[in-house]
Amino acid sequence: MSAKTPLTGLVAATHTPFHADGSLNLSVVEKQASQLLIDGVSYAFIGGTTGESSSLTLVERRLLCAQWMEVVKGSALKVIVHVGANCLADAAALASQAEDLGAAAISALSPSYFKPRNVAALVESMAEIASAAPDLPFYYYEIPTMTGLSVAPSEFLAQAASRIPNLAGIKFTSSNLMEYQLCTAVNEGAFDIPFGFDEMLLAALAFGAKGAVGSTYNFAAPIYLRIMAAFERGDFAAARREQLRTVRFIQRLASVGYMGAAKAVMAMRGVEVGPPRLPNTALSAAEIDSLRVDLESMGFFDWIKPDASA
Amino acid sequence: MSAKTPLTGLVAATHTPFHADGSLNLSVVEKQASQLLIDGVSYAFIGGTTGESSSLTLVERRLLCAQWMEVVKGSALKVIVHVGANCLADAAALASQAEDLGAAAISALSPSYFKPRNVAALVESMAEIASAAPDLPFYYYEIPTMTGLSVAPSEFLAQAASRIPNLAGIKFTSSNLMEYQLCTAVNEGAFDIPFGFDEMLLAALAFGAKGAVGSTYNFAAPIYLRIMAAFERGDFAAARREQLRTVRFIQRLASVGYMGAAKAVMAMRGVEVGPPRLPNTALSAAEIDSLRVDLESMGFFDWIKPDASA
Amino acid sequence: MSAKTPLTGLVAATHTPFHADGSLNLSVVEKQASQLLIDGVSYAFIGGTTGESSSLTLVERRLLCAQWMEVVKGSALKVIVHVGANCLADAAALASQAEDLGAAAISALSPSYFKPRNVAALVESMAEIASAAPDLPFYYYEIPTMTGLSVAPSEFLAQAASRIPNLAGIKFTSSNLMEYQLCTAVNEGAFDIPFGFDEMLLAALAFGAKGAVGSTYNFAAPIYLRIMAAFERGDFAAARREQLRTVRFIQRLASVGYMGAAKAVMAMRGVEVGPPRLPNTALSAAEIDSLRVDLESMGFFDWIKPDASA
Amino acid sequence: MSAKTPLTGLVAATHTPFHADGSLNLSVVEKQASQLLIDGVSYAFIGGTTGESSSLTLVERRLLCAQWMEVVKGSALKVIVHVGANCLADAAALASQAEDLGAAAISALSPSYFKPRNVAALVESMAEIASAAPDLPFYYYEIPTMTGLSVAPSEFLAQAASRIPNLAGIKFTSSNLMEYQLCTAVNEGAFDIPFGFDEMLLAALAFGAKGAVGSTYNFAAPIYLRIMAAFERGDFAAARREQLRTVRFIQRLASVGYMGAAKAVMAMRGVEVGPPRLPNTALSAAEIDSLRVDLESMGFFDWIKPDASA
């Protein structure tokens, strides 16, 4: 994989599995991986926002990476390791491990407690990480709703192009589709810009997105594959109908705290990724029951069947 | 026109023409209208954000409306009157005038110095305006980057449906395409949701938008008509190429203050709408020259020719 | 009054009185004025944020000003007229009226639907207003929580000093006390900076504030006069105790929507200023009862007695 | 030290010293400590925002703590260890070390990549940290400009009071002085609320602050001690004059990036704490020269002399 061979299809931003007491439960990774393959997902993006990487120790992030690389050995599933951290030395160490273990790519968000003052500071920060895995494609991870960063990603790309030799593109989790277009156009389309807002995937397809990285691809990938197929055949009525379904269930999950709700849905599907860690919070038993009822009532569990027709 | 007959095609959010000294120059309206017809625009949206309505006196807003209604008499161009204001009594007076003069519809944004505390307060505020023109379709104008409002437009629509009999839909100027989808789905698609971010039009088309209200349709409508045509025939490569052109020139205009730059572009095209009023600022002569050179260099003046091929 | 003779003591930002149906009820102004005199307030600031000026028509603002000027004729109460508006022509017209009728000073906030792009645009906007009342002291009104403006007021002051001959200072309603200090220091203290956050008055006194403009001075002035007196005699225990009282009741009012609650408190005191206009909302009868009970329970109605001891 | 024995005087939020290549340079800690003692500072707050803790590895944070505890052994300087981190397990480990090594107190900010959804989630997050050092006073660190958190600190305090036995108070770095007052009043003044905005110290003194934690106390403590002394003797003219000096130099430092500028000032004073780590950036040689000239010109190097008169 390189900037010349973009990510295609769905990239699931995977959960980090915990025991009920919050300790790491790596035995679940195998189940996560097999479910993704069943659902038609192409890549596992590990240790990202959905993976609660900011709530993991460095040791845990290393163990998680090692486990995933072991599990996917010989399978069709490829692994992209998110290595970003407030501490760039930690991020670089994780990048180096990812390269050693044969990951397909790495990605990193910007430090966000301290925010880079300008584009140059962001480029230098990312260069420090990317240079620790020089043979892997590097994806900058834009997600301003979480980081609070205001650097235009297209300006990052333009300046980083000559500074970061292994720069592959941007994991673009933002609703700023003007910036999305600018990113796809930098250096005449040299960079790969997988899209990160699941509930707006159809918009990104219209703008040429080939791949999508998201959290709900862990448990609802079939819906999105149908969106992609409908887009390909020009069936916008079907594409909109499916995309609206995702809007409905995402709105429901978000109403009780997305992270806890999403992990509860994983359990409903038989993949016991456990509760989130603080400061994220788990749903109460009553909230889980209510969520299940509502999801059933809207048809969610049918929608996410791989063989469901659009 | 009603909620049953949605706005289709391009709705130009027109500039209010001023003399060099800032006084109203209504003689230009005729030229504006004829240019829109030449460019294939279906509606003139007058006195909105682009129309600097917040910088006009109530008397001037009345005169502007009267002039437009007079000018379009007998022409194919329809007029939608923006009547929103911090003072709801002013807005209601403008709504009443619009109905009296036979406008096609009215629209209003929320008061934004004081912001409604919740959905109910917004609904009541809009009801006060809409009820002053009970026979005209009413469009709520969502534009959170200007108003700072955080009320979800889909919740407004759901609650206003039974409170505002003449509610037709929402002029949706926001990049929140999750909300856009929710709005299109309220009451099984009962409402018309024309889209308001010119530079993301293609995304809205993918989500089913039939009409678009925007500022750059005053001088660059042909590009957007080509986007719509390309979308219709499934030619996304062409649609993206055209949309990227709009991103390029909008970015350039915004770099020196959008309002002053857009009015300068109007003058370059021979429609002398004059400078903006304070607090918006006009471009200096040097800035205008530089803007013209850059626009020429990117091909802008060819792009906006009605007969240009995609 | 000029920059050389700063505002001293309390300036009440008065409510605009309405009938129950929302129409202007100017007969109440006399009662408002007499109550302020009883409470030891030095100035009435009319048509500001508390006065809901953005919800008034221009005609109503003129009537309000005329009524106040008539009522205070021959009394010790001086009137400062807030004239700010999104439309600078409206603001200038109000400024001119204020000068004609003999107001003590005028004040204006920045247009906020369109926000000045930089300090220069703000200065020009304010100059347009101030020049319409050249013989009156002009106070720029800084209140970023309402306007969303990010221009540093100290930079405004520095640039406006030579551009606006009648610039007297700033009505400073912001918690940025670093900026407050910078404002007091511009041109070696040439400008008057009355403070606008009632609940932090003690902090401003520490930084040298001589006057304070605020909404709760309409009904709780005695508390603040005791704060000022305690500060003067160095009794910080007393000053803090009184200031904490204001924090308590302001927090309670804000919990149900400050504007509606404050107008309800006025009625409790016998000054029937009526409900606010939309988009602000009135308290329900139940909310008013509950508010009265809570205020009684905390001692509010004793605190606000002019003769209460600290 | 406990909630019953509040922090008094100045608490310097110390820099973490690096070599020119960015590696930890613990040999400088001794110099830092001795300079603080010379300057009349009572406590060193280590590994906080100024200490760039988010840019340090866990191992480095442990080494930094061990070094400080070793250095201050037998001296009058007490150490407060900031242990906050996005990963609560890391924070708890640091808390435990701080207790083992005999620190005076610990403090922690909230995770900020993920933000607690409500007060309860924040309380639980802080409880997880505080319980790892049950015999040390625990200070919650409020700094919304960095964390983006919107939980009211007074509500945190009210709910945490019964949940966190060793809760001592809040390091309050916010300009919301209404909240400051509410915090000081929780449980009838049971908690200690040292103030964290150096440039507004005088305001906090007026509200009863006994201690202050800040970054500029590393190199400009004498100015602040004079502010405290002037406040004590009721000399507000002197207090304001000194406080304005701090506003002047802080504004100058911030203009080129505070962290890099502050570390440059430390070097000017002979305490070679080195450059900051990315994403913070060091000043260029030219920027340092210009900064020195400007500081000299305003009198900074005289102001910070311990023996300077007010």
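Per-chain numbering from 1; labels A, B, C and D assigned in written order.
By our rule, a contact is a pair of C-beta atoms (placed from the backbone, for glycine too) under 8 Å apart; a residue touches a chain by one contact, two chains touch by 3 or more.
Fair warning: this is a prediction, and the values are worked out from it, not measured in the lab.
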Each chain counted as touching chain C and chain D at once: none
Label of the chain whose CA centroid is most distant from the centroid of chain A: C
Mean-CA-position distance for chain D and chain A (Å): 36
Inter-chain centre distance, chain B versus chain D - centres from mean C-alpha coordinates, in Å: 50
Chain contact graph, described as a line, ring, star, complete graph or other shape: ring
Complete list of chain pairs which touch one another: A-B, A-D, B-C, C-D
Contacting residues of chain D [partner chain C, same complex]: 175-178, 181-182, 185, 197, 199-200, 202-203, 205-208, 231, 234, 236, 239-240, 243-244, 247, 250-251
Residues of chain A that touch chain D when the two form their complex: 49, 52, 54-58, 86-90, 110-117, 121-122, 124-125, 128, 146-148, 257, 259, 277-281
